[in-house]
Each structure stands twice: as C-alpha cells, then as structure tokens.
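Heads up, the next two complexes both have subunit A, just with different partners, subunit B and then subunit C.
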Partner chain A sequence: MANLRTWAGWPAYAIVLAVLPLVLTDPHSRLLLILITMYGMLALSWNLTLGFAGIFNFAQIGFFGIGAYTAGILATQTGIDPWLTLPISAVSAVLASLVAFLPVLRLRGIYVGLATYVFSQLCIYLVLGQAGLTGGAGGIVGIPRLTLGETSLRADGRIGYYFLGAALLFATTLLVRLISRSTLGLSLLAIRDNEALATSRGVSRVRQHLIIFMIGAALAGVAGAFNTYLNGVVSTDVFGFGYLTLLLSMIFLGGSGSVYGPIAGAVVVTLVTDALQDAGAWRDVTVALLILVVLWIAPKGLAGLARRAIAPRVKENA
Partner chain B sequence: MSGISAILTSALVLGGLYLLMAAGLTLIWSTLRVFNFGHGALLMFGAYLSWTLLDRAGLPLLPALVGGVLALALLGVVYEFLLVSPFIRRPNGDMLVMVATLAATMLLQSGALLLWGPEIKQLPPLGSARIELGGSVVQGTQLVTIILAPVLVGLLALALKRTGIGLTVRALEQNREHAQLLGISPRRVYLFVVTVAIALAAVAGVLLGSMRFISPTMGDDPLLRAFVVLAFGGAGSLGGTIAGAYAIGLLEAVTTYYFGLSWSPVLVFLAMIVIMLARPEGLLRSQVRSA
Partner chain C sequence: MNDLLTVDGLTAGYGHTKVLRGISLRVGAAEAIGLLGPNGHGKTTLLRCVSNLHRATSGSITYAGSDTRGRSPRDLVRRGLIHVPQGSRLFPQLTVEEALRMSAASSGHTATWRDGLDHVFTVFPRLGERRGQLTGTLSGGERQMVSLGMGLMARPTLLILDEPTLGLSPKVKHELSECILRIRTEVSSIILVDGDMDLVLSLTDRYHVVLHGDIVHSGASDTTVGRDAMMSLFLGGSTDERH
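What follows is the complex of A and B.
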C-alpha cells in the first residue's frame, strides 16, 4: 500500500507534463515550458553532486557547455545523424568529468570548488583557442535542427522540442529518485554527513563520488546538446556566469539535497527571469536578491518550507 | 636583454596585483574558514567608487582614491553583516557563504551596470615617475603597483605579528575554542579581517582601473588568478601567498611573452591543477611552516 502511494505521483507527473503544452499553446509559453524542462534537468543533475554528495562541484556548467559544443561541432562538421549526437554529447561530458574529477581525488571542500570553477573557465579559453573547430568568439551558427521523419521539432510552436525536453526531464527525475533511495544514494549521504564513519563501514569515497560525478556529467551533456538544437547556435555563453548563477539559484531556491526541490526552483526562477526580461540589469539584481533572501530565511529552500508545512501532521501520526 | 626586463617588470606588476587580492582571500580563509567569491566584484566596485569621487565629486586624485578604498571598506562591514555572519555557524556554512558571495557578485556587477552604465571608464595614471630598467621603461601606475603592493601586505604581516588585534586574529586561526576561552570575540575579529581584506581588494581595483579599464567584469580575471595563487601557496599562509603571487605573476609574464595572451591562462591553470594533484596542501606550505 505504501509502495502504491509512493509511486502514484509518477503517472500524475507524466500527465501534467503531457497536458501542459495543450493548455499553453502560444509560442512564448511553449518556449518557457521548454526552458523549464531543460533547466529542471540541469538543476537535478547538478544537485546530485552539489546537494546529495556535498561536493563543491562548479564544473557542472563546463559539462553542459562541453555537451553543447560536442553536438554543435558534430552536427555542422560531420554528416552524422543529429539524434546520435545526444548520446555522444553525454559520452564527451563524461570524459571531461574524468578530468574535472582529478582534483576531487585529493582535495576537499572549498579547494574542490576552486579547482572545478577553474575547470569551467578553462573550457572557455580552450574554446577560444581552438577557433578553427569551435568558431572562437563567434561561436557555431547554422546548426541543423532535429527532425522526426519529415517534421521539424520546431513545427507547431516547437512542440517537438517540448516533448523531447519533457521526456528527458521525466527520465532524469525518475533516475534521481531511484538513485536517492539506492545504496549509492545512501552511501553518498553517509559520506557527506560523516565521512570517517562511512569509510570505516567499507564505503569508498572516491568510487562513489566518481560514479555520481559521471552520472551528473552525462545528464548535463545531454542537456547541453538539447540546448544547442533548441537555439541553433552555440557560443561561450554556455560556460558563462549567467547559467552558473541561474542554476545555483534554482537549486538553492528549490532546496539542495531534496529530490524534487530543484524542479520547483527551475519553474520559479524561469518564470521570474522571464517576467523581468525587459528590466535589463534589474533582472540580475532581482535574481541575486532572491537567492540571498532564500538563504537567509529558508536555507532548505521551497522543499524545506513544504516539509515544514507537512511536518506537524507527520508528528501526530508518530 | 630587454625581453628579460620586460618579463620581470610585468611579473612584478602582475604579482603585486595578485598579492593584494590573494592576501585578503587568505586572511579570510584562515580565520573564517570560508571563501569569498565576491572578492573580484568588490575590486571592481572599489575602482568605480574612486572614479566617482574623482570624476563626479571633483576631488583631487589622492583623496579620491583613498576615499574610494575607505568607502569600500565600509561596504565591507555591511558585506560581513549580511553575507558572512548569518551563515557561518550553520551546518554546511562554507557552501552557503560561497553561494551567498556568488549572489553578491551578481548583485554588485549588475548594480555597477545600473549605477555607472555600460561605458568603460578609466582612472588617470598615478604619478609621472619613470625608471629605466635594462631597456624597458616602468612608469606611473606600474611603478606604484610594484612598490605599494608589497608594502601594504608587509604592513599587514607586521600588524598580524605585533598588534593586539593581529594577535587575536592569529589566536583564532590557530585554535578557535581556546581563543574564545580567553575572551576573544570571533565576531569582532571577523569584522576586522573582512574589512581589511576588502580594502586591499579596493586598492587592487584602483591600480587596475588606472592601468587598464573599469568595467563591471574587470574583477573576474584577477579573482581567478588569486585562486591559482591560493592553490600554489597554500591558502591560509601569508608567506606562501606572497611567494605564490609573484610566482604566478612570473609564470604568466613568461608564458604570455613566449606563447601569447590566449595560451597563457591555459598554461597557468594547468600548472595549478598539477600542483593541486601533487601537493594539495600547497607547493610552499611545508617550507613556510618549518621556517
């Protein structure tokens, strides 16, 4: 019975995702929905390392950018089927994550933050340095669109991109939920909360952290390729400060360490930034203040607030 | 010959700038055990404040620059109250401070854009003194940087060694519980440390704003280099930071001279990653400790 209740939410989640674009049909709302699915997927994948494992991983934005550039380069310079570039982008992001993981081997806490942040910045310099392949500061333009048979995913207000994004978001959510209850997820929490005890019980920190790093990178790589096809262009913006702060605000607004919090964060932050589209620099001021206010009054984010609202009832039951 | 002296000059200038940045970060790290991601944005704000005092309020050069640094130090007090002290005692406090200071970077950068607009600004050269060294000329702001940076950080080191507040800072660094038993209040020390560190960043901002340009993102590159310095010298030791800053300045000057501007940062960051892997506690840490 408990099992049934636990899993009953999933069909409802799928139905909501499927019905939303039928209700919101104008192109602008559709685009917002697509962005929410992509940001949701990215925020979920980043939260695996940042929230569950407690690793100061700032390389996630690098994995996203590497996925985006892999898809862009392959789609424009080789004759490969664009669909194939989605899994290939995941692979190249995973390979990059092996490099970014090197500092995690021996460093802890804040030093990992420094090294992984530098990794993301290094990606920008490498992209600019390899202008023949990456287009340098101009980026890559004219990327072919994804098509299904004869239909472009752009047709009918980008409905195809929405369903692709929604499917990816649904799969990512399911994966994160499964990981959070698996031995892997539990051992990550154990390492985060008491490393000495966890290691003495036979949990290998390096092994578990490497696995979660690679899973997170693969998801970010796919999201990067999705972003490339959605926009039709790639530039070094994908490694930039804009995405970094946007995603961090989603994770911390929604609640780091919670399974569904980052999705709620993605919805709220995407809608807020869209509402302030024409406000220029005021938009960034608002998002920054939003992050700070959440950190001040609700360090566990929306997920923490929701849990607090439900908590009295749980206590009565117990 | 002129190549070598050009490299040396540029190494001393860059090293001085990175030293001003990294010394503040090290000081904050060793006492508060948190990392200030907003240091680069604060550097930028200091440069803008000085520019405003000079260009808009019409103050003479020196009072304007000093005023800008002092104004930013005042902002540092607010910064500590709003971004550091609310989080530092919470579980997972170091990550919260890091995210809060990242948000502060965003706030300061977009705030600067709103206050001062997108046009690039510049501070005038500081002084007209010039020295000829083996065929290359050092003048104005470069000369000031070469001299001022080590003097200021030397004064800081001296203050940490000799003054009462310096003693309490070092006591907190070494053993927080014991220091509190002796009646040292961490809050006052934190405030002092953050203010001093931010004032040093403002000095770097003024120097950079006079050598290059003032823009909302001018602090990003110096902050990244300061990361590398911390990795190189071992965060938390002022001696290591001094050596690290000049070593990175030299490395950058040499690689820029021989490989060009676009490859230099890549090589510097690669050096950092290699050092972090080989000696996570910093390349110079043990020597500094034993000395």
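What follows is the complex of A and C.
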C-alpha cells in the first residue's frame, strides 16, 4: 500500500508530459516546453552533486558544454548516426568529470566552487584554441537534425524534440528519485550532514562523490547534445555565465536537495524569463528579486513550500 | 598469540600536543575490555587510532593478524572492526531505517541488510517503532540506540563503543546497558569506554585505567578490588564512596 502511494504519481507525471504539447500547440509554447524539459533535466543532474552531495560543483556547466560540442563535432565531421552521439556525449562528459573531480579530492566547500568554475572557463579556451575542430569563436553551424525514420524531429512545431526532451526528463527524474533513496543517495546525505560518523561507518567520501559526479556529468552531457540538435548550432555560450545563473536560479528556487524541486524551478524560471523577454535588464532584476523573496519566505525553495502545505495531511494519514 | 587486537607502543597527538605516550593494549577473541579514566587523557584518541580515524605517530596496531597501517577506515569496517563514536547528531535527514540500511551497505552487507534490521529491532524494540522517523527528531537515548544499531548492522567482530551513555538519564542508561549486555554475547570482542565506572565494570571482563596517555592500572572487572583501586587512583588515596 505504501509502495503504491509512493509510485502513484509517476503515471500521472507521464500523462501530463504526453498531453502538454497537444494542448499547447503554438510554436512559441512548444519551444518553451522543450526548453523546460532540457533545463529540468540539467537542473536535476546538477542537483545530484550540488544538493544531495553538498559539493560546490560549478563544473556541471562544463559537462553540459562538452556534451554539446561532442555532439556538434561528431555530427558535422564524421558520418556517425546523430542518435549515437547522445550516449557518446555522455561518455565524453564523464571523462571530463574525472578531471574536474581532482580538486574535490582535497579541497572543501567554496574552494571546490572556485576550482570547478575555473574548469568550466578553461573549456572555453580549449574550444577557442582548437578552432579547426570546434570552429573557434564562430562555433559550429549546419549541424544535421535528428530524424526518426524519414521524419525530422523539427516537424509539426518541433514535436519530436519535445517528446525526446520529455522522455529524457522523465528518465532523469526517475533516476534521481531512485538514487535519492538508494544506499548511494543515503550515504551522500550522511557525508554531507556528518562526515566523521559516515567515515566511521565505512563510507568513503571520495568514492561516493566520484560516483555521483560521474552520473551527474553523464546526464549533463546528454542534455548538452540535445541542446546542440535543438538549436542546430553550438557556440561557447554553452559554457557561459548565462546558463550557469539560469540553472542555479532554478535549483535554488525549486529547492536544492529535494528530488522534484529543480523541475518546479525550471518551469517557473523558464516561464518568468520568457514573460519578461522585452524587459531588458529588468528581466534579470525581477528574476533575482523573485528568488530572494521565495527563499526568504521558504528557505527550502518551492519544494519546501509544497512540503509544508502537504505536511498536515501526512500527519493525519500516519 | 591469538589476540584479535594488539596495540603496541602507540604514540599519537594533535599538532604539538602529545596525547598517547607509548600505550600498549591487547584484546582477545570474545573478550570485553573497559577503558576508564578522566576526560582528556587519551581514551578517545586511542580508539580513533585503532579504527584509523586518526593517524598514530608511532607504534603498531595489529587487528585479526594483520597490520592496520595504511588501511582505510572503510577497509577496516569491512573486516569487522566497528567503531561507534562518541555522542553524535547522527544523520538528521535519514530515517532510522535508512540510517541502518546505509550502514549495512557501507560495510558490505547489502544483500543481508534485512536480517540485520530484524536483529537490531530485536535488540532495540524502540527503534522498530521509530523506523520511519528522521533520526534528527529522536531523543538522546534513541539516537544512541541508532548509533549502536548502525554498528550492529556492520556485523562487528570487534565493537568499539565510545561513551554510549553520555548525557543519558539513569533510566535510559540502564535500558541501554541491558542492550549492550545482550550485544556482548553476539559480538566477538568489545572495547567499552564510558564515564560510568560501574557500568563499564559490569559489562566487561577486564579494565584499564588510562591516565596521561598511558595505562596506569589494569585488573579484572568482577572484583571489588578493581573498584577500590580505581577510587584511590581518581581520588588520591581515598576509597570512600563519594556519591
């Protein structure tokens, strides 16, 4: 019975994801939906290290960019099936995460943040330096679209991209949910909240952190490849401060450390930034204020608010 | 020698402060030993060195026939050397059951964690009632039970208990000591440190008094002689009851 209640939301989640594009058919809404699936996936993947493990990991945006470039380079310079570049992007992001993890071995707290941020910035210079491969500052253009049989995923208001993004988001959500209550997830919370006791219980911080770093990187790599095919171009913007702040906003607004919070954050931040498209600089100011207010009222973000709203009912049930 | 644990000439400290001054100790199979002595004289440091949570300066530690130097705490845990550290706020975001499950997994007993859970709930029935509760919301006594329970989930061969009854009321203390007595028969060997002298003497076979980083007195726990001798050590010659 308890199990049934735990998993009852999933079919509903799948149905909502499947029905949304049928209700919202205009191209602009479709694009927003697609962006939400991609940002949601990326925010969820980042929250694994940032929220659950409590690592100030700013290399995630680097993994996203590396996935994006891996797909872009392979799709334009080799004859490989574009679909295959999605898993390959995951692999290349995981390899990059092994390098980005080095500072986590020794450093703690904000110093990890500095070192991993530098990693993401170094990626830009790597891309600019290897212009022959990456197109340098001009980026890569003319990336072939993903097709399913004869049909381009762009057809019918990009509906193919939406369903690909929705499937990836759904799978990522499920994976994060499973990890969160697995012994891996539990040990991450244990290390985050009481490392001394976790160590004496036989938990190896480095080992668990490396595993979650690699999982997060793989997901970000796939999201990066998705972004490349969605846009048809890739430039160093993927490593930029724009994505970084956008995603951090989503995670903190939604609630870092919660399983579903980052999805809520992705929805709200995407919609608000879109609604304020014409507000210029006021857009960022408004988003920043919105986040400050929400975090002031509910330090645990939207997820914290929701939990508070549901809490009395849970008590009655128990 | 068939000792489970042998500590030989161990020195350790923090920075320039020397805490242990060449301490030696042995624990046989199926033996429970107690460490007594005032705070700040090296009992906890000794235990932390044994489980490699703190690095000794010199001396050797042999556990189950092999040198523990260079072994990770994780490795020692998987070989049954289980250290339940002093009073702890546990893992506030984990429920009782999750904390126990994690401990089974981190010590390599993932497959049989449910058996371990049943066992822990037999030893500590109260934890069974609280299984879904976050450990951050438990009382002090219940938290100690979770701490001990996590130790049991790791299937200890040598169980090290550092101040398990610290800060508990006499009633809860009594309840907990009953549980430790039950554990004694199942775990191969125990090292017990506690501020409650009577409790230590009633639960162990032998005791050592640790003073200024070395053992200054040892004896069998079941004699009143031990108690009197210790009183004189602590109180400077007087053997009178003081409380």
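Simple rule for what comes next: the second predicted complex is superposed on the first by the 312 of 318 C-alpha atoms of A that agree within 3 Å, B and C clash if a C-alpha of one lies under 4 Å from a C-alpha of the other, contacts with A are read in each partner's own complex, and residues count from 1 in each chain.
Operating definition for what follows: a residue touches a chain if its C-beta (ideal position, glycine included) is under 8 Å from a C-beta of that chain, and two chains touch if they have at least 3 such contacts.
Since the model is a prediction, treat every value here as computed from it, not as a measurement.
Contacts of A:105 after superposition on the shared chain: subunit B is touched, whereas subunit C is not.
Of the two partner chains, neither subunit B nor subunit C is touched by A:305.
In the superposition on chain A, A:18 makes contact with neither subunit B nor subunit C. Legend: residue contacts after superposition of the two complexes on their common chain; A:126 is shown touching subunit B, with no touch to subunit C. Of the two partner chains, neither subunit B nor subunit C is touched by A:211. More residues of subunit A are in touch with B than with the other of subunit B and subunit C. When the two structures are aligned on the shared chain, A:249 is found in touch with subunit B, with no touch to subunit C. Of the two partner chains, neither subunit B nor subunit C is touched by A:31.
Of all residues in subunit A, only 54, 56, 102-103, 105-107, 109-111, 113-115, 117-119, 121-122, 125-126, 128-129, 241, 244-245, 248-249, 252, 280-285, 287-289, 291-292, 295-296, 299 touch subunit B in the complex they form.
Listed in rising order, the residues of subunit B touching subunit A in the complex are 29, 34-35, 82-83, 86-87, 90, 92, 94-96, 98-100, 102-107, 109-111, 113-114, 220, 224, 227-228, 230-231, 235, 262-263, 265-266, 269-270, 272-273, 276-277, 280. Residues of subunit C that touch subunit A in their complex: 51, 53, 72-74, 77-78, 83-85, 88-94, 98-99, 101-103, 105-108, 110, 150, 154.
Every residue of subunit A that touches subunit C in the complex is listed here, in rising order: 181, 183, 186-187, 189-190, 193-194, 196-204, 207.
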